[in-house]
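Take a look at the structure below.
By letter and in written order, the chains are A, B, C and D; residue numbering begins at 1 in each of them.
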Amino acid sequence: MYERKLGDVVLRVEGISLSFGAMRVLNNITFDVRQGEIRSIIGPNGAGKSSMLNVINGVYHPQQGTITYRGETRDQMKVHHAAEQGIARTFQNIALFKGMSTLDNIMTGRNLKIKSNMLQQAIYWGKAQREEIEHRQKVEQIIDFLEIQAIRKTPVGKLPYGMQKRVELGRALAAEPDLLLLDEPMAGMNVEEKEDMCRFVLDINDEFGTTIVLIEHDMGVVMDISDRVVVLDYGVQLADGPPDEVRKNQAVIDAYLGVSN
Amino acid sequence: MLYREAGEFKATYQADQAILTIRQDRWFMWAMLVVAFLVIPLVSSEYWLGTIMLPFLILALAALGLNVLTGYAGQLSLGTGGFMATGAFAAYKLATAFPGLHIIAVILMSGTVTAGVGILFGIPSLRIKGFYLAVATLASQFFLIWMFNKFGWFTNYSSSGVISAPPMSVFGDNYVTGPYATAEAKYLFTLTLVVLFALLTKNLVRSNIGREWMAVRDMDIAAEIIGIKMLPTKLKAFAYSSFLCGIAGALWAFIYTGSVEPQAFDVNRSFQVLFMIIIGGLGSVMGAFLGAAFIVLLPIFLSNAPHWFGLNIPVDIISHIEAMVFGGLIIFFLIVEPHGLARLWQLLKEKLRLWPFPY
Amino acid sequence: MSLPPDQKEAAGKEELNTFPRLLLNHARVRGEKIAMREKDLGIWQAWTWQQVQEEVRALACGLAALGFKSGDKLAIIGDNRPCLYMAMAAAQCLGGVPVPLYQDSVAKEMAFVLDNAEVRFAIVEDQEQVDKLLEIREGNDSIKHILFDDPRGMRHYDFSFLDSIEKAQEIGREYDKANPGFFDQQANAVAGDDIAIMLYTSGTTGNPKGVVLTYDNVIITARNGIIREGLTENEEVLAYLPMAWVGDNLFSYAQSFVAGFTVNCPESGETILTDLREIGPTYYFAPPRVYENMLTQVMIRMEDASRIKQRIFHYFMELAKRVGTRILDGKDVSLSEKLRYKVGNFLVFGPLRDVLGLNRIRLAYTAGEAIGPEIFDFYRSLGINIKQLYGQTEGMVFICVQPDGEVYADTVGTPAIDVEVKIDDNGEVLYRGPGVFHSYYKSPESTAKTKTEDGWVYTGDAGYFAENGHLKIIDRAKDVGKLLDGTMFAPKYIENKLKFFSFIKEAVAFGDRRESTCIFVNIDLEAVGNWAERRNMAYSGYIDLASQDEIYNLIQECVDKVNEDLSQDPLLSKSQINRFLILHKELDADDGELTRTRKVRRSFIEERYAPLVEALYSDVSECHIETQVKFEDGRTGNLAADVKIREARQFTPVAKAS
Amino acid sequence: MRIEKSVIYIFLSTLFLMVAIPWAVGQLSSDIFFEWPFFFEVAIGGLLAGVMYSLVALGFVLIFKASGVFNFAQGAMVLFSALTLVGLNEIGLPMWLAIIVTLGVMLLLAIVIERVVLRSLVNQEHIILFMATIGIAYFLDGFGQTIWGSEVKILDLGIPSSPGFYFDGKILINDFDLVAALIAGILVLSLALFFQYTRIGRALRAVADDHQAALSVGIPLKHIWVIVWAVAGIVALVAGIMWGSKLGVQFSLALIALKALPVLILGGFTSVPGAIIGGLIIGAGEKLAEVFVAPLIGGGIEDWFAYMLALAFLVFRPQGLFGEKIIERV
C-alpha cells in the first residue's frame, strides 16, 4: 500500500578498526546508514556488534577509520557530543537507573532539553515547574506509546526483564533522537515480547521517522523489519545489503551454521 | 489502615508531582510543623532546646548536605567536618570583618564560600571513584582543619585558636547569637532555616538536577550516554552539599556553641554525619532528619541509662561502653535495614496503605 | 426525590425528554460542572458540560458536513472513551441513531450488525477497529465514512473516507459558522418518541437482534431509576463495561445525561483496578463476575498475610457476617456488637473498601446473572450497599430492583417505578412499562413474538413471586426442561449454584430429555492454581491442572454440596447431578462457546463436545477428545486431552412439604 | 605481575622529586638546613617508618582483596590486639604465651565478625559493609579499653631503642626502626610466599578476582573470609606490637589506620606490593616534607601531607599505582 523510500546518508563509518591491547575487536568496518531506514548489524555473539555501537556513540575510540555523522567527519565520536547530536541508544544488558521509577527514568532521558537552572529548580516555581510539566506531558506520550501506563510509578528494579527493556527504549525515545541505536532489543524475550518490540521499533521508525540502527544475534526477527543489514563475524564484515540478498550470501550462511542458530 | 485514598485522583500534573500526594500525609506534615514551631518552643525546657534540639537541627542540615552528595549523587565523602569548619570560620571572618552584615547574609555567604571550597575538592571526583574518592575527601578534611589551626588569620590571631560569635540579631533586639540570645530565638531561627533548606533540597532532588544526580549514582556511563555531563553534575552536587554543610557549620559555631575551635569539626564529626545518613537512609531527605535524631539522642540516652538503673560507673568506662554499644547498634541497624530508618518508615507506610493486604 | 431542580420539574414534561435537549440544558444550568473524565497521559483529563456540548456540537456539524442525515445509523466501536460517548450524543443531535458494537468482536460478527443496521457512518477508537472495518468494507462499501480517535499506526492509510475525529470537528466548526442555528434547530427537532439508540443483543442463539429504543424508553426509565434510588448530580461512576451493552448505556450515558453526574473512563484495560481506586465511584454497576473476581482476589491476597492479620481479618469478617448486613439495613443490633463493628470498620472493613476503591459507594448494582449468596453478603456485610436488579435490553434494564432494607441474595426485588410484572401460566415472567422497547430492528415477527399488542414483554425467564412479594428467577424459560422422569430441570439454576464456588469458573448442565443431570466444569485457573501452589502441586497449565485427581476431589466437594442444596428444593430435588467432568479447555467467546456477555451457549457446547456428553451418559470413566481452538492472534490449533469423569454423591430428597 | 610503563615513570619521577625538591629548597631558602648525609638520614628514617605504615595498609589490602570490604576497623584491630597483648602480659602471662593467646583472640574475633556481621550483610553494597566496619571499629575501641583500661601502657620487647648507631659514621639510624623494619619485612615476605605457594593463599587471590573462582578452588566463601580476617588480625597484632613498643599502647594507635589510608590509595586497594611501596613512598615523602618543606608553611603538616601526596598520585592513576584498571563495559 505504501512504498518505503530511503533518504540520504546520515551516518557513515569508514574503515573502522578497534582493538583492546592485543585483542582486535573490529577490523576495517565500513557501512552507511540512510535517513529514515532501519539498519541492522547482525552477527554471532562476540562478533563486535556492541563495540560497533560503542564506537558510533563515542564510548570506544577506534584506532583507525572515520565516522561521518550529519556531514561532519571525525576520527572518533565523543559521548556527550553524540548525545547532543541526537544519537540515543539502548543497551544489551539493561542500563536503567535502578533507584528511580519508570517515569523518572524516562524523564531523565530529556535532561538535555531542560533549560531551567539549579536555583529555579530549587525554588520549583515558574519556569522550573512549567518545564517539569511540559516534559512530563512529552514523557506521558511516550509511556502511552509504549503501553506502559500500568508501571508508570513502579521502581524499575522491580520490573520484569521485558518491561525494563521497554522502559529503556522509552528513555532513549525521550531524547527525541534522530538516530536510535538499539543493542539487542529482543535478546532474552519470549515470542510475544519479541513481537511487541518489533511493533514498537517499526512504529517508532514510522511515527517519528527515526533512523534506527539495530543489533541482533539471531537473524530471524531482524530480517523481516530491517531495510538493510550488515553482517559481522569476529570483527570482520561479511556482508552488507538488503535482507534477502544477505540471506543468500554464502559467507553469512557458513558463519551462522558455524554458531548453529 | 489509617489511609483512605479512594477518590483522591489527580487532575493536573502539579497535583501529581506534588511532594506529598496523599491528603493524610499533607495533614501529618502540617501537624508536624505546628508542633515544631509552636508546641516545642512552648513546652520544652532551655536544656532541651539548647542542647538537644539545636544540635539535632544543625546536624540534620549537615546530614542533608552529605545525603545530597553521597545518597543522591553517589559520591562517598568523609570531608563533612572540614566543610562545616569552613562554614564556621567563613562566618566568623565575615561577621568580624563587616560588623554591619546581617546574620542571614553572613550565614548564606559562608555557605557560598564553603560551596566554592567544595567545588575545589570535588574536582578529583571526575577521575576518582568509590573508596578512593572517600579517602581523597579525607585529605580535604585534614587539610582544612590543619589550615584553620595553623594560620592565625582565620581566628583573628586569638591565642586560644577559638572563635566566638559576636552578638547578632535577626531584627530589632531579637538576638540569636551572643549572651542576649534566648534559646527560643535560637531554636526558631535555626528551625526556620533548616525547614527552608529541607524544602529546597526536596525540590532539587525531584527536579532535573536531582534525576541527573541519581542517574550518575545508579549508572554513570549510561547517564553520560544520554547526555548528562559528569563534571558539572558532580560539581553541582559537591557545591550544594558543601553549601549546606557550610551553613550547618556556621550555625553550629554561631547559634549552638557560640564559640568553637577547629577540633569541633575533626574527622569524627565527618563520621558522625555519615552515620546519620546511613542510619537515616541514603537518598532520602526525611532520612537525614531521622538519622540525626537517632545519632543525637542515642549518646544522651546511653550516658543517662546507667543512672536510671541506679548504677554508677566511672565516667571513662561509660564513654567506652557508649562507644561499644554505639558500634554494636550501628551494625545491628545495618543488618536489620541496610537502607535505613527512612526505608522502614516507607515500608510501614506502604503496609498501612495496603492494609489488610500484605501486598 | 433528589433530582436536580431543573430535572424535577422536567420529569414527565416535554422540555427535557431527549438527550440533545438534556445536553443543551446541562450546558446552560451546570456548564462548569465536570461531565466526563478520562485518565489519559497520567492524569484525569476532564470535560465540563459546556465543553461536552461544544465538542458534540462540533462533531455533529462535522458529521452533517460529511453527509450524515437524520435517521442515519452511526456505528460506535471502542473502549469507553469520552469522545465515543460524545459521538453518541452527536448522532442523536442530528436525529441519527448510534449503534454501539462490542469492540472485541471479530470482523465477521461486526459485518452482520453493520449490514443489518444499514450503518453508513462509523466512529471508532483506533487502528485495530479501523482495520476490521476496512476488511468488512472490501465485502460491501455501505459504510460511507469512518472517523477514528487515535491515529497511531495509520499514518500511511490514505482513504478518502477515513478521517480523525479532530478533523471532522474542524470541518464541523467551519460548518457551524457557515450555518448558525443549524445545530440547535436539529437538536431541538428531535422528539421524545424518536429512536434514541439501537443495541444489539448477542442472543444466546442465532444472529444478534437490534433492539430499537426511543428517547422516552431510555430517558423515562433512567429518570425513574434515579428517583427511586435518590441519585444526585454529584455521583461519580466508572465507565468500564462494553459500550454496546445496555447496562453501560444506562448507567454511564443515559443516567449521567439525566442527573448530570460525572462519568469516568479508565486509562486502559489493565489499569481498571487502580483507576477504580483513584476515582472511588459513588454509584457502581458490575455483573456478578466482577464482584466474584474481586472477592477471589481478596481471599487470595489474604492467604499470604501474616498470622495476626489473618486472625484480625477473619474475626471481624465473622462479626460482619452476623451483623454487617443488619446494620446496613438499619435493623437493630446489640450495642456491644455495634461497637465491635465500628472497631472492625476501622481495622478491616474501611481499609478493605478503600483498597478496593469501593469506599465512597452509595449504591452498587449487580445484575445479568444470579450472584452467589456469600459473595453478595460479603460486600453488604462490609457496609457496601450492593443490590440486585433484574432487567434486560428490551426493557432498558429496569424491571425489578431491590428496595433499600429488603435485599435478599436469592430474589431480584420488586417491580421498578411504573413497571408491571406478571407470571404467565407456564411460569414465564412478563413485564410492561415505560422502558419497553419499540421493536426489533427489521424483524416484526420476532418483535411480535416477544411483545404483545398491549405492551407486555416476554422475558424468556422462568420465575415466581416469593411470599415477600419479591420476584425470584429460576432460569431461562426455554432452557427449563424436564428429565425423562418428568422432574423439572433448570440448568442455569444448577450452573449458577456451581459457579458460586470460587473454584468453578463456568459450568454447563445437561439433562433435558435425558435420564439424569450431568455437567461440564471449568475450574477457575487463578483460584485453583493458587490452591494447588499452596499445596505445592506442580502443574504446567490449565489442561494439566484440570486433569489432576486432587482437583477432581476439590470439585467433587462442590458438586456434592450443590446436590445437597438441590435435595432441599421440592421442585428440583430429583435433578441432582449424576456425573461430572472437568473440561480440558476454558470456554471462550472467541470459540463461540460463550456469548460476548459470557453466557454459556449450552446447545452449541453440546454439539461441539458431543463425544464428552456421550461419555457422561455412558459409564466410561475417561474419554479422549480433540478440539480446534482459536488463539489470541487468530491462528487456530488442535487441543487433545483425556478427560476423566466422576460420579457425584446423591442425597435423599427432603419430604415434600404439602 | 605485569607492571605498566606508566607506573615505572611515575615511580621514577617521584624518586627524582623526593630528592630534587629538598635539595632545591635547601639551596633557595636560608632557614632550611640541607646536607646530603642529613638528607639520607631523614630519608632512611622515613623509609623505615614507611615499612610500619605498609604493615597496617597490608591488613586493609588483604581484606579488601578477598572480600571487597573496606575494613575501617583495621586500626581498631591494631589497638585491640596491642591492648590484649599488654593486658595479658600484665596479668602475668609470659610474653611468648601472651602473644600466642592474643593470636587466638584475633582468630576468634575473625570468626565472630564473619558470623555476626559479614554473613548477615553478604552482597550488600560496599558502602554498607564499610559502615559496618566502622561500627566494628567503635565496638573494638570501646571493648578493648573497657577491659584493659585506657591509660597508656608500656610494651617492652627488649629491642634496644635509640640512640642508634652511625652508618659509615655520618648517618644516624634508629636501630629500633631497623629491627621493626626487618620484622615487618619478614612478615611481608612470608605473606607473599603464603599467597604464592599455599592452596589457601591461591584461593584467597582467586576470590579477589571472582567469588565463583573461589568456590571452584573448593573452599567455602565463609571460611575464606574467616581466614583473611584472621590473617589481617595477625598483621594487626604485629603492627600493634611494633607501634605499641614505639609509642606505647594507647588509643592513638587506632588512628594509625588514618595513616595507612593514603598508603592504600597510593598503592592501590588490591595490591600487596602496592601497600609496601606505597608505604615506603609515603613514609619517606612525609619525613622529607616534614624536615625540608614544612618549616616554610608553619609545620605540623603530617596530618594531611600523606593524603595530598596520595591525591597527587590519583590524578595520574585513579586506581592507584598497582590497582587494576577498570574498563567501562556497556
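Rule of thumb we're sticking to: a residue touches a chain if its C-beta (ideal position, glycine included) is under 8 Å from a C-beta of that chain, and two chains touch if they have at least 3 such contacts.
Keep in mind it's a predicted model, so treat the numbers as computed, not measured.
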item	value
Pair joined by more contacting C-beta pairs (A-B or A-C)	A-B
Per-chain CA centroid nearest to the all-protein CA mean	A
Separation of mean Cα positions, chain B and chain A [Å, integer]	41
Between chain A and chain C, centroid-to-centroid distance (C-alpha), Å	45
Euclidean distance of C-alpha centroids - chain B vs chain D, Å	33
Between chain D and chain C, distance of the C-alpha-averaged centres to the nearest whole Å	77
Residues of chain B engaged with two or more neighbouring chains	13, 16, 221-222, 225
Residues of chain D whose C-beta touches two or more other chains	328, 330
Sequence positions of chain C contacting 2 or more other chains	42
Touching residues on chain B, where the partner in the complex is chain D	70, 76, 124, 127-132, 134-136, 138-139, 142-143, 145-146, 149-151, 221-222, 225, 267, 271, 274-275, 278, 282, 316-317, 320-331, 334-335, 338
Complex contacts: residues of chain C adjacent to chain A	40-42, 152-153, 155-157, 267-268, 270-271, 274
In the complex with chain B, residue positions of chain D that touch it	70, 116-117, 120-121, 124-128, 130-132, 134-143, 145-146, 150, 258, 261-262, 264-265, 269, 297-298, 300-301, 303-304, 307-308, 310-311, 314-315, 318-320, 326, 328, 330
In the complex, chain C residues that touch chain B	37, 39, 42-46, 236, 277-280, 298, 301-302, 304-306, 309, 312-313, 346-348, 350-355, 357-360
Chain C contact footprint on chain A (complex, rising order)	1-2, 136-137, 140-141, 143-145, 147, 149-150, 152, 203, 206-207
